[in-house]
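Following this line, the structures themselves.
Two complexes come next, and they have one chain in common, subunit A, joined by subunit B in the first and subunit C in the second.
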Partner chain A sequence: MSTQSDNQTAAAGNRSSGWVVFVFFMIGLVASIISGWVAFPELLYSTKQQPIDFNHQVHLEQMGGQCNSCHFFREDGSFSGSPTLEECKSCHMYPMTGNENEQKFIDEYVNQDKEVPWLIYAEQPPCVFFSHAAHVKGADMQCATCHGDIGHSTSLREYQENRITGYSRDIWGKSMLRLGEPDHGGRHQKMNDCAECHLKETGSKGDCFQCHK
Partner chain B sequence: MKIDRRCFLSLVIGGAVGTTLTPVPWKLTDDIAIWTQNWSWTPEPEDGPSKFVKSVCTQCSGGCGIIARTIGNRAIKIEGQPDHPVNNGSLCPKAISATQHLYGPSRIQGPMKRAGERGQGKWEKISWDEAISTVTEKLAELRTRGKPHSVACISDTDRNSVAYLLDRFLRAYGSPNFIRTPSSADAQELALYLSFGRQGTIGYDFKQSDFILSFGCALMDGCDAAGQMMSAFGDMDKKTRLVQIEARLSDTAAKASQWVAAKPGTETDLALGLGHVMVRDGLYDKAFIDSHGFAFEDREDEAGNAYPGYRSLVRDYSPEKVAKTTGLPEKTIESLARAFARARRPVAVTGFSNPAAASVNQALAVFALNALAGNFQKPGGVFVIDEPDYLSWTEMKIDKTASAGNQQARIDGAGTKRFAHTRYLPNRLPEAINSSQGDSPVQALLVAGGNPLYTLADPQSAKKAFEKIPFIVSFSTFMDETAEQADLLLPHPHFLECYQDVPTPAGMAKTVISLARPVVKPVYDTRHTGDVIIETAKNLGGFIENAFPWKNHEDFLKKTLSDQWETLEKQGYWTDDSSRDNSLEKLFRTSSQRFEFLPRAGFETQGSENPKSKVQTVSLPGDVNELPLVLVPYSTIRISGGAVANTPFMTKTVDANVIAQQDVFVEINPETASEYGLSQGDKATLKTPAGNAKVRVNLFEGIMPGLVAMPAGLGRTGFSDYIAGKGVNVYGLIAPAADPASGLNAAWGARAAIGKA
Partner chain C sequence: MAQQPQHTKTKRYGMVIDLDKCTGCGACMVACYAENNVPFRQDDSDKMRSLNWIRVMKVDNGKAFPDTEVCYIPMPCMQCDGQHMQGHSPCVSVCPAVATDYDYPTGIVSQIYTRCFGCRYCMAACPYHARKFNWWDPKWPADMEKYLNPDVSARMRGVVEKCSFCYHRYQKARDKAYVEGRDELHEDEYQTACTQACPTNAITFGDLYNPEHAVHSLSRSKNAFRLLERLNTNPKVYYLSSKSWVRRVADNYLEGENPEQVAKARKAAATH
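Let's look at the complex of A and B:
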């Protein structure tokens, strides 16, 4: 018995005291919280500029005030997304305005016959089947409801790319806690956002296979 | 203050606790899930506008119309063509998943020559110029040596433009040895020729028939008939009765109104037994037989020789006797015959997509039932579709070498005195080569379509024969079992990459020509077999070159289909709906100008013996005491039994009691299984005269005791790792048994024994 007790005392003498341990615990706790909330979001996203600063407002005015002049539905009902070089070229084969961005577009893309590598804020992974037709034609929704009033913007926002997934920060949202609405209007576009809206509008979150074919 | 291990641990613990209070773990989990979808090998759908191309699937002989959806140069999806006369929108899993073969690892990616031993799988890439000149040199050399007839060509069809070009090439070159791979249509076509005097296919108007009597046809099991049948059944009147005669509860039997489980191999007896009842009770179309029937009654020829007619032939097939042979109750035979005879539009079917070979006599006996019902060229009945006539070009001039070569006897023995009316005897080819002394009678073999080393009965002996052939060229699109044993690979494009005409598929009651069209640009360095033939002919020069006045296959096809080309380009198919002559007057081209119940042409080849002795069922080789069971093949729509193997997708749809890991299950009745001490899932050894196989046991009440059933289409060695090595090739266990009337293989099964492994 006595031997055991001696050993315990000896061991206690060699240990650091409780408050030192607590301080270290707190250092770990605070450091990780700060890095998780402040450093992590900074590290996770890289900021990129669009290849060309596109003015939606000007185009909207020139093209008759309709988004679908450039972002149209194909004959088979599928959505065309961003215009291709071919479509842009139908107006911008040669400079029309003297705008430096237009000149850049013609020099770097039209003349070199290269598609513009637009960074798409609302791009979803390939496992997601999203039908624009069902929402725009079927449910009569406005583009701005999800995408914000991008049509009246004069400049393209900076694009924050998730370094792990390669997709835009817009999908998750600026807030790590996914609080609030996007600054640019519209909606965040994670699965839960789809489900939330579907629940509200249709009474059901929908089935897995509706989007994940 | 003392800093020790505890401090460090608490720092870490503090960090861990803190981290859980940040978004890091949750956000990272989500991001990593998405990151895994970005791996380079994860398939990603193309994006862009869709295009839809009407085409036809050529993976089996079914000829189903398809619509292929493409985005850019990528084929995305294949669906049935809704208005196509064959399948009207229906499609089997093989056609639906054809893009897996198009982009899959089974493809031969360019011309290659063998670098190692045969079958070793070592290949060296070569240019098309080198490949074609290798073939040209070999063929030129054989011709110089006066042996053009030692060149043989195997194809899976003799009816499309490639087959026509090949046959024309052989005739211009000097060889009679064009051979078609075997199918259940062989006996049908011969029977059609013997009794109708016409070369072509038999069509059945399933849609309008009210009573379908199927002698073991895999109407809803295999892929050959699937498109047609799904389409017909969709349109059918609910009152249509389908009676399936089969020893196994197949999908067709399960969907039938009545399932008649006769012993396998006794179908001929049953058909004659039904004929007996119909004749005995006067339940047949007397008017048709009076005006268009021949050899119904006994007859005498001019020399005074007496020949029995159908009436006296079936007298020996009383229900009592047939009941014993077939294992069916007499009552069933009587009632079946009456139901058939009394139906308004009955039709009897055999040799249509059957998994097992059948004899010519079986086909004739079933034709006779249709004749008794008087249903030829009538709605709901039987129609005769001639060989396509668009492939007819003026005769070409040939030189002396070619003429001498063409006059040589065929190596497979077809068309000789013994088998005068049989066009091809593919199953006799291996034997002819293996039994020859000295050099192989085949010095060069061109395999263009088909996969004989997989589909021939007893492929082991065919492989042995191939070993004796010094020069084998395969035109296969895929690294199939035959391509594996070749010396030179000249890959043909996938059917979604090229033009191909598809003449009327067997079973169709009207002429339908479909056109397969390039849906996407060729993925690999392939060349159309038609182009290669034309180029080789040009290289050989002289009369051979002159026989091929076309630039390439497409040019040939356009010129040969001149009238129909525009329709084919626009709608993908051409049919003679409005222009068909359905009168009986010109239907029969036999020497009697009538439907011959017991064909005279048959007697001519076999002497004037009593035909009764010839209506015999094909007996299976092997000792009944040693091999008490019978192995029968069966088709399933989920496993491709033909030349082109399953797609990996199809294999995924197969039940776990058909394939588990690498093992195939054989179906066996629980009663039989208990005799041999076998229970569900047991590993067993199956033995037949052709070989042994390791299998597993699936107890199935739906199969007749005494039988063992195995799905056709497994046990591949070729194609890719996703396909090969699963199960056993059932045809490898069934040695051919020659039909004495035709020489064709008519082995409907094999004697077998099974024991616990």
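Let's look at the complex of A and C:
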């Protein structure tokens, strides 16, 4: 008799300790997932504001609706990227509107003859070769395909910088698992994203040298 | 070629070096150091440790004065096509990290420094000693960093590097062609730094497939040969020499073998 009841209590004890292990395992798992997927990415990036809140839409209207009025190709095939102070000055030598951002631009940069330290969202690491000419001229792609509809934005979004590497978060995308963002909204340019598109459009992921240097 | 991309015509960039013209001045090496940010050390006297993407070897015919003859052989990466011309070059086939790769559109063997983890299998596999290992982080004299080429990334300690046939120049030339709406590059648009630096024009560079490029006919001349040809690595660097003893040192020939006859037999076997 006594041995039977002992067995029963032992079995009950095993069952309840199994639950305890499971609950603690789940708590640990959830905590790890939250810290890895939510907390760490938040801590990893520092948020920076652009030196001037630039309004793309206004400029696009004034410049005839063409991106290449300011972001143009040079004769040697290289891409100009963000306009230099010299190019901005051709219009903004003196205030044209009562806008506070324009006034700030003229006071802090034009009058002091200083280049604006724009934070480039899509800036690639120095070991990457990216050819705008191949995409825009060679493959006839639209700017918005990769950069999103930035031409119709009225304000610049914040820039997020990886605290360890110093690179922009746009290269990785908002979430490493691509949670909650469209596949190709121009918000991530990871190697796999490039390779995926190349495979689809050209039939080959491309050779290493095409993008790496 | 196994994987021809459909949007471009496949090129096979190669080099022909006329050893009769080479004076061994080393201008090609200097130009290469400057163009490709190749690091050097303050004391670079230990040549086993020094890095260079092209180096000039010196050979002689082994005879005593006054019959001594000397020949200088500039050796960049041979950009091997591998047996059957399918990009199965010695280094590419052994790399466990896919850090080196055969670029099918150009035939150039790439080396991706950020991918390389420094196992040096490729160096052991390369029969030409074209690959160099970075034993130290590069260190340039104070102001020299300002003169580094921004088109070529600097390498760090622990990775292997090698000649890329100045691939960044190819990319720049292509960008220009895109903007001008062209598909094809002119011969003079893409030339390596060593080719342009050579004062005697001993080095010629171009597309071996293109009959309009000088290398096409030069590589087919009767004086043309490649180093260690019988390994079937199919290098894209050809040499020209009118001297039979130079051809003899270009491969490991047995005493009774005649390099010209061996080459003829190989050609005959290849066409049959």
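Rule of thumb we're sticking to: the second predicted complex is superposed on the first by the 174 of 213 C-alpha atoms of A that agree within 3 Å, B and C clash if a C-alpha of one lies under 4 Å from a C-alpha of the other, contacts with A are read in each partner's own complex, and residues count from 1 in each chain.
Here is the rule we go by: a residue touches a chain if its C-beta (ideal position, glycine included) is under 8 Å from a C-beta of that chain, and two chains touch if they have at least 3 such contacts.
Since the structure is predicted, the reported quantities are computational estimates derived from the model, not experimental observations.
Enquirer: Once the shared chain is lined up, is A:H212 touching subunit B (first), subunit C (second), both, or neither of them?
Expert: After superposing on A, A:H212 lies in contact with subunit C but is clear of subunit B.
Enquirer: Touching A:C91, do we find subunit B (first), subunit C (second), both, or neither?
Expert: In the superposition, A:C91 contacts neither subunit B nor subunit C.
Enquirer: Classify the contacts of A:P126 with the two partner chains as first (subunit B alone), second (subunit C alone), both, or neither.
Expert: both
Enquirer: So, A:S204: does it touch subunit B (first), subunit C (second), both, or neither?
Expert: second
Enquirer: In the superposed arrangement, which partner chain does A:S78 touch: subunit B (first), subunit C (second), both, or neither?
Expert: The answer is both, since A:S78 touches subunit B and subunit C.
Enquirer: Under the stated touch criterion, name the partner, subunit B or subunit C, that contacts more residues in subunit A.
Expert: Of subunit B and subunit C, B contacts more residues of subunit A.
Enquirer: Scan A:G138 for contacts with subunit B and subunit C and give back first, second, both or neither.
Expert: The second partner, subunit C, only.
Enquirer: Do subunit B and subunit C touch any of the same residues on subunit A, and if so, which?
Expert: The overlap between the subunit B and subunit C interfaces on subunit A comprises residues 75-76, 78, 126-127.
Enquirer: Give the list of subunit C residues in touch with subunit A in this complex.
Expert: Residue list for subunit C touching subunit A: 3, 5-7, 98-99, 101-106, 108, 110, 112-115, 150-153, 164, 167-168, 171-181.
Enquirer: Write out the stretch or stretches of subunit B touching subunit A in their complex.
Expert: It comes out as residues 1-4, 6-8, 10-19, 21-24, 27-28, 30-32, 34-35, 37-38, 44-45, 47, 49-50.
Enquirer: Which residues, counting only subunit A, touch subunit B once they are in their complex?
Expert: 14-17, 20-22, 24-33, 35-37, 40-41, 44, 74-76, 78, 80-81, 125-127, 162, 164-167, 172, 176-177
Enquirer: Can you name the residues of subunit A that touch subunit C in the complex?
Expert: Listed in rising order, the residues are 73, 75-78, 126-127, 129, 131, 133-134, 137-138, 202-204, 207-210, 212-213.
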